[in-house]
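What follows is a set of structures for review.
Two complexes are shown next, each including chain A; its partner changes from chain B in the first to chain C in the second.
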Partner chain A sequence: MKTQLSKSPADLQAKLEGQTRYVHDMRLPGQLVGKILRSPHPHARIVRLDVSRARAIKGVVAVLTGEDVPHHTYGPTKFKDWNILARDRVLFIGDEIAAVAAETDAAAKQAIAAIEVEYEELPGVFDPEEAMQPGAPVLHETIAGDNRPMRIALERGDVERHKQEAAVVKSGRYRSNRIYQGHLEPIGAIASWSDEEGITIWAPSHIPYRARETYAAGFGLPEDKVRIVVPPIGGSFGSKYVLKVHVIAAALAMAARRPVKIIMDRYEDMVTAHPRVPLTFDLEIGADREGNLLYKDVVVYADAGARVYWSPNVIATACTRPDNIYRFQSAKSEGHLCYTNNSPTTCMRGFGNAEMLFAVESVIDEIALELGMDPAELRLRNIVRPGERTIHGYRLDTCLLEECIDKVKAISGWERRADLPPYRGMGIALANHVSGFRAIDPRFDGSTAVLRLKGDGSLELETGEIELGQGMSLSYARIAAQVLGVPEGSILVKSGDTGRYPFGIGTLASRSTVMGGNAAKLAAEALQRRLVSLACEVLGKGASLEDGRIRYGEETYPLSEAAAWHRARHAGEELTVRETYVPDTEMPDATYYGHPSPNYPFAAHVAEVEVDPDTGRTRVVGYWAVHDSGTIIHETMAKGQVYGAVAQGIGWVTMEDLIVEQGRVKNPSMMDYRMPGARDIPNIEIAFLEGEDPNGPLGAKSLGEVALDPVPGAIANAIAHATGKRGYELPLSAERVWRAIHST
Partner chain B sequence: MAWIQPRSVAEAVELLQQRRARVVCGGTDLFVGGPARPLAPEQEDWLDVRRIPELCGARRTEEGLEIGAAVTAAQLWEEETYRALPALQQAAKIVGGWQIQNRASLGGNVANASPAADMVVPLMAYRAKVRLAGASGERRMALQDFIRGPRMTALQEGELIVSLIVPERMLGTAQVFLRHDQRAATDISIVSVALAAAVAGGEIAWASAAVGAAAARAYTLSEEEEQLWRGRLDAKAMARLGALYAARSAPITDVRAGEDYRRSLVDTYIQRAARTVLGQ
Partner chain C sequence: MNSAQQQAMTLTINGRETVWDGDPSASLADVLREGQGLTGTKIGCRTGECGACTVLMDGRPVVSCLVPAGSAQGERIETIEGLAERADYQALVQAMLEHGGVQCGFCTPGVMVTTYAWMQQPERFDGDLGAALKNNLCRCTGYLGILRAAEQALAAGGGAR
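For the complex of A and B:
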């Protein structure tokens, strides 16, 4: 028997031992199998829909179409373009038309096959720039008659003047591609309905409170009539936010009055995948002769797909965040978010920043080449420094970017770059990120923690953040343990139930360590104060808390005794504190100026590659990652974030591509969608330059996304250095590099 | 649906006549088809050939080396017997990962007739023969004639592959198998090349090469054209060979690679194979 408290139900050991129970492993009494009928066409009118044969099949309990579900205006962002099931038109391959709940998988499949649909195919539009043209088919008349739900236009400083002054100007059309998040656990959910409690959905989502709000609106229910319970999440990277599958499971459960489970197989998951938002960048950067960056000018086109998931935030990030790494004297961004008849796109680790940095870091290398300057030197000359306020208003209390560059040069042996053998190359790239982002929810920001002393003297910490395998629970336990002087193993971190745990904005924007960690720290401090005053009350003045025990004179008492003291005085209630951390940030204004995060992590990466000139095949042979993420709270988990991010980046740059033609995914299997394996990953050397940030818990800044942000740029620059050819379009697959080498 | 395990070729052939059974060996092709290739209907039986001793080992004959159809990729690269066939060993070692190699069979690779099959390619270069058993007895044919196209073979109803026969003259020659793929392990061939050559004193007496994944099926040149391999191949001769094999390819464009890219890879890998056997 395991006697030691597990740190979290989703912790590493449980996963390794196969103890973790994912939604797929759950089974509620009376549970039905749910399946969805999806559009085979990218754009079509539903002329006839007949489910009578499906309803007659034995074992079928509910069949729903657009006629059977409410049609409220809803969606996860301010662009409310969602439905539950399509009524008259389908907008992408995979768009949901009908749903079935049945006793068995076979009956559900049979019912889906028995549904008769007649379509009138409509012309589709698949490219954001074409979607903006007059005459293009319009997807959501009421939201954007020009297919453009969002436009960004901002300028700081005088770009036109700097264009006149610049001695070197480099530009190009860069493209980042659709990336499948590659979560091991396919998308799925179980939903149930009761008249007293409303909807309960068990779904791996790391933004469950937004999901609750969105789904409640979808059904016209009050928010507290929807409860989201989050089982352990088998990988997300951005794919498991707010999903139609959850809504449809709920609709079926309401109709069937029994729990309904929908689990996609890999094929359905990939055909209907909501991949990384593909972005096109027309980017231009100019510098003076000494290598001072003068301006950056970019137009970004983003393919939202047929509905808005998280693409608005992604394009906004792309249009602003990378500008805060360098001292650009002026910057201009224009962004166009466009509807197309592709499956909706959404966020993925890096969230627009990694994509734009691929382009920015590429162009900066081109400038260095033209100036005959070392690319690291050029960067050192232009980076932001501690104490500065960046071009878009970020206040940098701490910034070890300069030290990161120096360190990554040292450990990578950067001076080797000058005389590498042919077709070997080294590339450098920088990155920044946020630790939570003020504009994710304009209404509020921050995080709440509840800390409870249990009868046996152990502690329970409840948070609104979500464990995704990133090590959040370990970090919170460590933070609280350090404050209270108790062993980490005595703290159980709990989260992931909107009906039980504190409100959370959603675990995204690299926020969990800083936001939830600060809340955990505040709660631990509050508990400490409460324990001391309780001890004084019981034992007398001068009682204290030392090394996790109450001390009074020579006597010490375990926390279990303190727990009993409190309960004796409070009708059996456990000693509980609740603390909220509200960051000292500034909401970005209409021009995207503000200080949106309590602090900002930085990184400098170097990649070394070997390119086979005959085949174009790139091997990443060395990788060095230096990070300023403030204090590192849990080094093992922190390194895990960097290893994983670099591996993910290597996949992204050298092979991964969700190929979509005319709205159809051409490689919807893990066999045809290539992701890297262990042998594609070189030795990765990691260095954390630890400095305490005043706004982070124990001095920490974020790490999750900044670890991926520089990878595409670093590898792309290494390939350009190796081959003498610049890659403009991700992935820089062997075939693309071969074409570049052999083009004249 | 039954899982039947005959203990001899005769029994297997008889069972195949009696019932609608599908031959299965490692199942690594049959059972992982995905939604695009649904499994056989449930009333069908499975005839597992892995318990037939004749299919499970190798033996030397006057003709050469006869390898049982159920011999696995792992056995091929691990066992002493196959040392004389390094190209086949290299191909076996690249198939899938360890778990797959423990199940994937040589006969399955041949019968499945995927244009991208790896172990087929050295067998083609070896000019191997296929030994078949069916209701009307045994027959054998050249592998070249057996594989007709993508997933098409000359296997008849009720027949199974007993073994593959590698001619004597191939054993112990200088050999290499090269594959171009997208990542470092567990992948599908974009182009592959196998070469077996009799090399002495830096000179090639004769050679035979096959190219995989660049046409509907793996291909070789005619023995006449293969004369081009003879001698001390200089850069020009190698380039000519590369170009000739590339010209004979008929690649497709799919999600993995474009046609012209595949064609260029044929050229590249033929030349690399040549340099490898010559120790350059």
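For the complex of A and C:
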């Protein structure tokens, strides 16, 4: 019998021993199986919907259609275009029409098959630029009569003047594709309802408080009548935010008055996937003869799909964030977010930034080529420096970008680049990111931590941010332990229950280390003060906290004693502190100008590739990643972030593509949507250039997304160097590279 | 499930003989999870493509979602729960923690089962763990932590040799 307790529900050791219970592994008493009937058409009117045969099937407890559910205006962003189930019209293949809860999987499947629907097919639109044309079918009349829920137009400096002055101008139409997030745990949820508590959903979501607010609005309930409990999350990378399947599970549970579990199978997960937002960039960058970048001018088209999930944030990021790496003297961005009859698209790690950087870093290499300059030198000449305010207003208290370039040149052997054999190439790319983003929720930013002294002298730290296996809990424990001088192992980090733990904006925008970490630090400092004042009260003036023990003169006392002193004076209540970190940031203004993050991480990556000229296939043979993420709190987990991100980038650029034709996913299986395996990943050498950032906990900046941001650009530049031909469209598949090699 | 398809089957799971009444064509993964409560074995795709459901049959990794339970009779079935009880498995666990071989953990049971089998008999996989893991997808770690952990555990004397 094991008596050692896990550090948290998401404890890594428990995962390695098969003890971790994901939502799929849970079973509630009386639990039913939920299933969803989805539209087979990309755009159609529902002419007739008859569920009477489904309702009559033995074992079926509830069957819902759009007539049986509320129709409040709701959605996860300010563009409130969601429903619970469709009433009149379906807008994409996979749009939800009806749902069933039954005693068994077989009965639920049978009921779904017994639902009769007649459709009148309507013309669809599948391309964002076509969606903007007059006469295109309109998806949401009340939100955007021209299918354009969001338009961005910003300009800093005088782009027209710099166009006149530029000696070198490079441009192109670049495209980034739909990437399936590739979470190994299929999407699912369990929901239950009670009249006293309202809705409870066990949902792997890393923004559970936004989910709660969204779902409550969908049912017309007060926010505190929805509780989201987050089981360990089996991979997300942006796919598990706020999802219709959670809402439908809740609707079924309310109707059946029993818990309902919906677990999608992989086919359903991929056919209805909400992949990375595909973006098209018409990009132009100009430089003077010395290689000083003068301007950047871009028009971005984004395919939101049929509803808005998280795409507005993606296009806003693409239109602004990568500009803050270079000293562009002027910059202009125009962005068009468009509805289409494709499945809604959403976030994936590095959203907006990695895509735009693929285009920007490609064009910068083209400029270097034309000027006959080393691409690393051209970048060194133009990068932002510490102490500067960037073109869109980011204040850079720390920035080791120059050092990152120098270091990545050194460890990759960059000078070899000039003498590589044919069809071998090296490419460099830079990246930046934020550590939380002020505009994620315009109402507020920051994070709260509660720290509790338990009777045995151990500590519990509660946060509203979410563990995904990235090491958040280990980091928070280490931060608090360092402040208090207690062993890390004595701190249990708890999160993932909107009914129990402090409010959190969520684990997105690379927030968790800096936002939640600063809250953990503040809470640990507050607990330290409370412990010292308690000890002075009990023992006398001059008592202190040293190495995790109370000291008074020569005597020391364990924290369990302090816990007992506090409880004796407070009716048994545990000593608890609650602290909120509010960052000193600025909300970006209407032109997207402002200082939106406490600090900004940077990176320089180099990829080395070998291209087979007969097949066009690219093999990444070497990879070097140098990062300025401030102080590294947990090196093993930090390296894991970089290895994983680079592997995802290699997949993105060389093999992955969720192919959608006329709204239909053509490769909805892991066999046909190939992701990297162990043998596709080369050795990856990582260097962290540590320096304390004044605004990060222990000096830390974020890492999870900035590690993916430069990968597409670095590999694309390596392929261009290897072949002499530029790739404009991701993925740079074997076929595309072969065609480029053989083009004239 | 139709009772006509029910059959009593004797399965040897983690060293224990169990009689299970059910459909012999049901997947071994479902029988382990639903019938035996061994939820350490994960189901990521049900089509044998992701490897999260990998278990050992007579020491050989198989994707249990594609194995009919009936055909597993007479074989030694080992799941992650069984392996975790072994002393030499712990060296691999510690190496994985040290090298970052685990993050979200959903692929981990399959990865650990395959890696452990490789450590026992590398020759069965042409010696290369990268080849052995060809049926195990991991989206978090980029595999390098897994490979290094396994090498370290093997060098430290874990496994058969």
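In this text, the second predicted complex is superposed on the first by the 739 of 744 C-alpha atoms of A that agree within 3 Å, B and C clash if a C-alpha of one lies under 4 Å from a C-alpha of the other, contacts with A are read in each partner's own complex, and residues count from 1 in each chain.
In the analysis below, a residue touches a chain if its C-beta (ideal position, glycine included) is under 8 Å from a C-beta of that chain, and two chains touch if they have at least 3 such contacts.
Note that the structure is a prediction, hence the values are computed from the model and not measured.
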Inset, instruction - Have a look at where A:22 lands relative to chain B and chain C in the superposition and call it first, second, both or neither. - result: second
Inset, instruction - Based on the superposed arrangement, let me know which partner A:533 touches: chain B (first), chain C (second), both, or neither? - result: neither
Inset, instruction - See if chain A has more residues touched by chain B or by chain C, and give me that chain. - result: C
Legend entry - Which superposed partner A:679 touches (first chain B, second chain C, both, neither): both
Inset, instruction - Mind working out whether A:12 is in touch with chain B, chain C, both or neither, as first, second, both or neither? - result: second
Inset, instruction - Determine, under the contact definition given at the top, whether A:667 touches first (chain B), second (chain C), both, or neither. - result: first
Legend entry - First, second, both or neither for A:615, with chain B first and chain C second: first
Inset, instruction - Using the superposition on chain A described above, determine whether A:659 touches chain B (first), chain C (second), both, or neither. - result: first
Inset, instruction - Using the superposition on chain A described above, determine whether A:734 touches chain B (first), chain C (second), both, or neither. - result: first
Inset, instruction - Considering only touches as defined above, state whether A:646 meets chain B (first), chain C (second), both or neither. - result: second
Legend entry - On chain A, positions contacted by chain B and by chain C: 265, 669, 671, 675-679
Inset, instruction - Flag every residue of chain C that touches chain A in the complex, lowest number first. - result: 1, 33, 38-47, 49-50, 52, 79-81, 84, 92-93, 96-109, 112, 129-131, 133-134, 136-147
Inset, instruction - Note which residues of chain B are touching chain A in the complex, please. - result: 34-35, 180, 182-188, 255-258, 261, 264-265, 268, 272
Legend entry - Complex contact set, residues of chain A against chain B: 265, 267, 614-615, 617, 619, 655, 659, 666-667, 669, 671-672, 674-680, 733-735, 738-739, 742
Inset, instruction - Can you check the complex and tell me which residues of chain A touch chain C? - result: 10, 12-13, 15-22, 24-25, 106, 181-186, 232-237, 265-266, 468-471, 636-637, 639-640, 643-648, 669-671, 675-679, 681, 683-684
